[in-house]
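Pasting in a structure now, in C-alpha cells, and then I'll have a few things to ask.
Labels run A, B, C and D following the written order; every chain starts at residue 1.
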Amino acid sequence: MLSFTSDYIAGAHPVIMQRLLETNMENLSGYGTDKYCAQAKEKIKHVFRCPDGEVFFLVGGTQTNQVIISTMLAPYEGVIAAKTGHVSVHEAGAIEYSGHKVIELEEKDGKLAAEDIKKCIKDFYADDNHEHMVYPGMVYISFPTEYGTLYSKKELTEISNICRNYKIPLFIDGARLGYGLESKENELTPEEIAELCDVFYIGGTKVGALCGEAVVFPHHNTPKHFVTQIKQRGALLAKGRVLGIQFDTLFTDNLYFEISKHAIAMAEKLKEVFHKKGYTFFLESPTNQQFIILENEKMKELSKNVEFGFWEKYDDNHTVVRFATSWSTEESSIDQLEEYL
Amino acid sequence: MLSFTSDYIAGAHPVIMQRLLETNMENLSGYGTDKYCAQAKEKIKHVFRCPDGEVFFLVGGTQTNQVIISTMLAPYEGVIAAKTGHVSVHEAGAIEYSGHKVIELEEKDGKLAAEDIKKCIKDFYADDNHEHMVYPGMVYISFPTEYGTLYSKKELTEISNICRNYKIPLFIDGARLGYGLESKENELTPEEIAELCDVFYIGGTKVGALCGEAVVFPHHNTPKHFVTQIKQRGALLAKGRVLGIQFDTLFTDNLYFEISKHAIAMAEKLKEVFHKKGYTFFLESPTNQQFIILENEKMKELSKNVEFGFWEKYDDNHTVVRFATSWSTEESSIDQLEEYL
Amino acid sequence: MLSFTSDYIAGAHPVIMQRLLETNMENLSGYGTDKYCAQAKEKIKHVFRCPDGEVFFLVGGTQTNQVIISTMLAPYEGVIAAKTGHVSVHEAGAIEYSGHKVIELEEKDGKLAAEDIKKCIKDFYADDNHEHMVYPGMVYISFPTEYGTLYSKKELTEISNICRNYKIPLFIDGARLGYGLESKENELTPEEIAELCDVFYIGGTKVGALCGEAVVFPHHNTPKHFVTQIKQRGALLAKGRVLGIQFDTLFTDNLYFEISKHAIAMAEKLKEVFHKKGYTFFLESPTNQQFIILENEKMKELSKNVEFGFWEKYDDNHTVVRFATSWSTEESSIDQLEEYL
Amino acid sequence: MLSFTSDYIAGAHPVIMQRLLETNMENLSGYGTDKYCAQAKEKIKHVFRCPDGEVFFLVGGTQTNQVIISTMLAPYEGVIAAKTGHVSVHEAGAIEYSGHKVIELEEKDGKLAAEDIKKCIKDFYADDNHEHMVYPGMVYISFPTEYGTLYSKKELTEISNICRNYKIPLFIDGARLGYGLESKENELTPEEIAELCDVFYIGGTKVGALCGEAVVFPHHNTPKHFVTQIKQRGALLAKGRVLGIQFDTLFTDNLYFEISKHAIAMAEKLKEVFHKKGYTFFLESPTNQQFIILENEKMKELSKNVEFGFWEKYDDNHTVVRFATSWSTEESSIDQLEEYL
C-alpha cells in the first residue's frame, strides 16, 4: 500500500535514529538541561541568525501553540488567526481552554491579509465599547499555511509592520517550516523569518523527527519563568535529551533543509504526475502538501492501492484530498502512483 | 438633557424601591435562602408554567451567561452563537476565560437561522477529524437579539428541534426578555419560551431592577451543585434578598410585563416620530431598542440636547445610533425629542 | 426571634437606602462611570490618604478576592494564605478556578506569622527544584481575620516588609475592615493600611451596604485594563451607580466608621454579657464576631429564641458558635439575649 | 563519573531502541490509532487483568496527572493528595492551572492514611457550609510514593473502600509502578492494583522508555471524548507509534518487570553498601529510590566522583540525598561507589 496520508506516517530520519542509538547509554541531566539541548540551541540560533534569541524544545504542535499563546498573551487578550488556522479549527479548543479567544479572520488560501489584520485592530480601538471586548494581543500565522501556501516577503513584512506598530507579537507556526523555506516559491531566509516575527517554532514532528518542536524567541523576549510555565502546562519532557539530540542532528550538516528539499522535490514530481493526468488542483500549493479534487468514484478506486488524506467535500460528486510528501517519500512510490492514476 | 442611551440609565422601578425599603430591617438568611427568593421562584415558575423547573438569581448578564455556559458545557464543548451575540463580542471573552470556544455563525439582523445551526452540527459530525475539533455543545440565542429583533414561533421551534435531535441544550439569553414578550410582533408565550429551551434567564437589570437576572432551568435540569459552582465563579450574592425581593416584586401584579409594555409603547411612539421626520432605520426592530441612521452633522447637533448610544459607523457621512426606552421613559421626553428633530 | 447569625442579615443602613431613593430617577451612565462612583472614589482616597491610588467597585467578597488575585498574579504564581483564610476554605475553590494555587500556611487565631511567610518564600527559592514549583506571588491576609482577630502594627509592618523585600504584593481582605479599624485594640490607621499593603478592599456588604466592596490600589498599581478584566470575570455591574451611591454615602459624614463603631460597642456589650454569665470564649476577638463555646444542650435550648452561627464542633459535648453584631444590632436585643442566657 | 541522580538519566532500554529502529520505516496512522498502540493496549489489559478496561498513552508524568485529574473531576471538585504528593509540590501548579484545588493532607513517609482521607471527606459533608467549599472528588496516591514507600494490601484496600463508599475515584500515580510491583515488600499484584483503583498509570519514562505513560481506566470508565480532551490539553502525540511501540515492547516478554527487577536488585545492593559503611537512612525505602543522610563535608567530597540527587536539608550539618537505580544501573557502578564511600 502506498501512503501519502501525511508527513508523519514514518518514524524518524535514519540519521536521527542513529544518533539516538549512539547516545542512548550516556547519563544526561533531565528537563532540557543536557548538552545536546545546549548544542542544538546554539546551532538553531546560528542558522536563524539570532544570537540574542532563546530556544526551547517542546513535544508537539498543538502543545506548542497552546504554550506560546497562553504565555505571551495577557488575560484580556486574544489571538488573531485565519479561520482555517490550526489553532482555530484543529486543536480541540486548546487556545480557549487556556482562557483566550481566537479572533478569526477571513483568509485566502489559508493566508491572512495584512489589510484585514490592520482593519481588525483599528476597528477594535475605534470602538467606543472596546473595554468590553477582547483585546487583539497577538497575530498567529502558519508558514506554510494549513493549505501549503506561503506568505511572500512583502506580505510577511507588511504583517510584521502592523504588529510592530500596534506593539503586539507576531507568531509564526512553523510546524512545516522546512518545507516552506525550501519551496521554490519561497522568498524568505531563515534570518528574515526570525527578524520579522516575535516568536516562531521549527517543526520537528513533520520534518523528520519522532516528535519535537523548537520554539524560538528571536529577540530576547522569552516570557518570564518560561520553563515553569511549560511544566505547569504538562509540557516539560523529563528526558529532554530526546528532543535535544533530534534537533542537534537536524541542524547538523544541514539535515533539516536536506529533508525538506527532498520532500519538496517529491511534491513537485507528484504535482507533475497529477497535472499530466489532467487532475484538477484545489489550489496551487508550492510546498509538500498537494490538494487535488477527485471524482468520488475515482477516489474510491484509488484508495484500494493508495492512502491519502480526506480534506473536504467539494461537491456532491467530488472530494478534495490531500497528498503529502516527506523525508520518507520514495521516488518509486510516485512512479507507482502514476500507474494507479 | 434627554437620555435614550440605554435601558439601564435609571435606578429601579419605584415599586421595587418601595419593597426594598419595607423589608430592609427584616433579618433574613443569606445566599438566596431567604423567603423572598423562595416566593419569587414560585411566582416565576408559575408564570412560565414550569412547575418542575428550578430558578436561581444572579447579579448581571455577562456573569449569567458565563455561569450558565460554563456549568452546562463539558470541557470539550463550545457554544454556538451569532457573530453579533453578546457572548461573542461584548463580554470581554468571558466564555473563553471559562475555557470554552464560542462557535460563531453568520446571522441576519442578529438572528441565527435554524438551517445554519443544523449545518454547523452536521458538518462537525461528518468531519473525519472531528475528534480534534470543538464539539458543538449548546446553542445560545438572545430574545430579543442585540438588534432588538425577535425569533418567530416557527423559527424558535425549528432551532429547538435541532437542539433536541442532537441532544444539546438551547439557551435563551433573556436580558431583555420582557420587551420581547410584550412586543406587538411577538408570537411566543412565556410558557413556550420555557418549553422550547433548556435554560433561559429573565433579565432584571434592563427591565426595571437595580440588578439581577433570574436563571430558569425549566426541565429539572440544573447542573449538579449549581450553588457551589456559582460561588466558585464569584457570583453568589451574600444578601441574596436584594435579588429575591426585586424579582418577587417584578412578578407580583404583573409588574415585569407592565414595565415591558410601557417601554414598548414608548418605543412605538419613538419609531413613529422618527418615521414622521423621515429618518432611515438601520433595521426594523419590534422591541425597545431602535437603530437609526443619522447624518454625522445631524448627530452632532442632536447630541447637544439628547443622549443616545453610538452603535456603529454606517459610512463616512452617517452613523448608526441606538435609542432605547425603558420603564423610566416618559412620554413627554419623546415629544421633546420630536421638537429637537 | 433574635438574630446574631451574621453581619449581613439586614438590608442596608437607612441612610444608604434613602440616598438610593433620592437618586433613583437620575439618568446616569453605566459600568461605574457615573458621578457617584467618581465622588465615592475621591472620598475613599482622601480617607485612606492615597491620592495616587485607584478605586474600583465590585459586588461581593469572593468575587473581589478572585478578581484581585487572578489579575495580580502571573500564571506561574500562587497566593500565600492562612489555612483558615476565606480564600483557602470558603470560596468553593474560586482561586484555583482562576488557575492559581493557594499556598496554605499554618496560622494562629486566623493570623499568619511574618516568620512563617518568610520561611515559605526563602525555602522556595532555596529549593533546587523550585522551577518545578508554584512561585509565591502574593500574600493574602484578612483584617480582621475570619476569627475576628487583628494584626498589630508591628505584625503588619513585618509582613509588609517581607513582601517588599521579595517584591510580591500584600493583599488585605477588608470584608470587615471597618470593624477592625474601630476595634479598641486596633493600632492601625486607614492611612497605614493603605501604605503597608499593595491592594486592599473595603467591605461594604458586611458593613451596612446592600452589596459592594471597594478595591483600592493605593500606589498607582492597578493591573492593566482592569475594567476589561473585571468584565471578563463577569464582575462588572451594569448599574454601577448602585455601588457608587452606597460607597459615596458610607464615606460621607463618617458613616462607614459610625456603623463600625456601633457594631463594636454592641460586640463589647455582648462579650460582657457572656463573661458575666460565665461562658467560655473560643478565642479573644476584639471585633464584631464573638466565638463562644456552648454545651450542646445549652445550644439547643438557646436556639429556640436566638439565631447564631454554627462555627465548628469543639468536642463531643460542646460546639463553637459565632455571634456577630452589625449596624442593625440593637442594644435591646442584647438585653434580651442576656435574659435567655 | 558515576550517576545515581535519577531513574531517567539514560535513554531507553536497548530492546526498545531496537524495536523503534525495526519499525521506523513502516507507514503508520497517527494519534495512537496504529497497530502497535492497539497491541500494547491488549497486552496491558491482559497483564492487569482488566479486559473491560481502556488504555491511553501519554507522554509525561505531570501531563498525565493533569489530564486524568482535570477530565475526571467535576468543576466543583478537588483532589485529595498527600502534602508531599507530586501533584501537590512538583508540578508547578498544573492541577490548579486546570482549575482544581489539591486538598493536601498530612502524610507519613509519603503515604496517606485511610483514616485521614475518611475524616477529610466526613468533615466536609458534616460542615454546614460545605456548599461554599471544594468537594473532595478524587483521591490521588502514588505507588511507590515520592519517598519510595509502598502501600500494603490492607492500606490500599482501606483507601479503595473509602473511595467506593463515597463514590469518588481512586487514582494511582504509577510513574514508578514497576519498581513498586517488583519490590520485595510489595503485597499487591497488577490485577489488584487495577481492581482497587479507578484509574492508574504505568510509568514508562522512569522504567526504561524514552518517554510515555500508559493510562488505564480498568472499569470501562473512561471520561467522555477522552481523546479530544487529551488533544485540547496539548497532550496528544502525532506519532503515537512512538508510545505504542515502546509499551508494546515493555509488555512483551515481561520486559517491564525485568527492568524493574533489575533496578530493585541494584537498589538492594546499594542499600547494603550504605548500611555496611554505617550511613544513616532518612527512611526505609523498599524500592529503587534510596534516601541517605550525608554529612555536608562528606557530600561535597563524594560529589566529585558521584552524581546523586539533592533532596532536602536535614540540619545545619547534614543533607538528605537521593540515590536512584534503574534498568541502566550497572553492578560495577555500585562496587565503584562502595570504594568512594
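The definition used in the following text is that a residue touches a chain if its C-beta (ideal position, glycine included) is under 8 Å from a C-beta of that chain, and two chains touch if they have at least 3 such contacts.
Not measured: the values here are computed from a predicted model.
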Result of counting contacting C-beta pairs for A-D and A-C, higher pair: A-D
Which one of the chains is farthest from chain A, going by Cα centres? C
Distance between the centres, which are taken as Cα means, of chain D and chain A, whole angstrom: 33
Dist(centroid_CA(chain C), centroid_CA(chain D)) in Å evaluates to 42
As a quick test, compute the distance in whole Å between the mean CA positions of chain A and chain C. 50
By the touch rule stated above, which residues of chain D touch at least two different other chains? 75-76, 91-93, 97, 99, 131-133, 228-229, 231-232, 236
Along chain A, where are the residues that touch chain B in the complex? 75-76, 78, 89-93, 96-102, 104, 126, 128-129, 131-134, 310, 313
So in the complex, the part of chain D that touches chain B is made up of which residues? 70-71, 74-76, 99, 131-133, 135, 224-225, 227-229, 231-232, 236
Interface with chain D, chain A side, in the complex: residues 1, 3, 5-6, 8-12, 14, 17, 20-21, 23-30, 59-67, 91-94, 97, 205-206, 210-211, 228-229, 231-239, 241-242, 307, 328
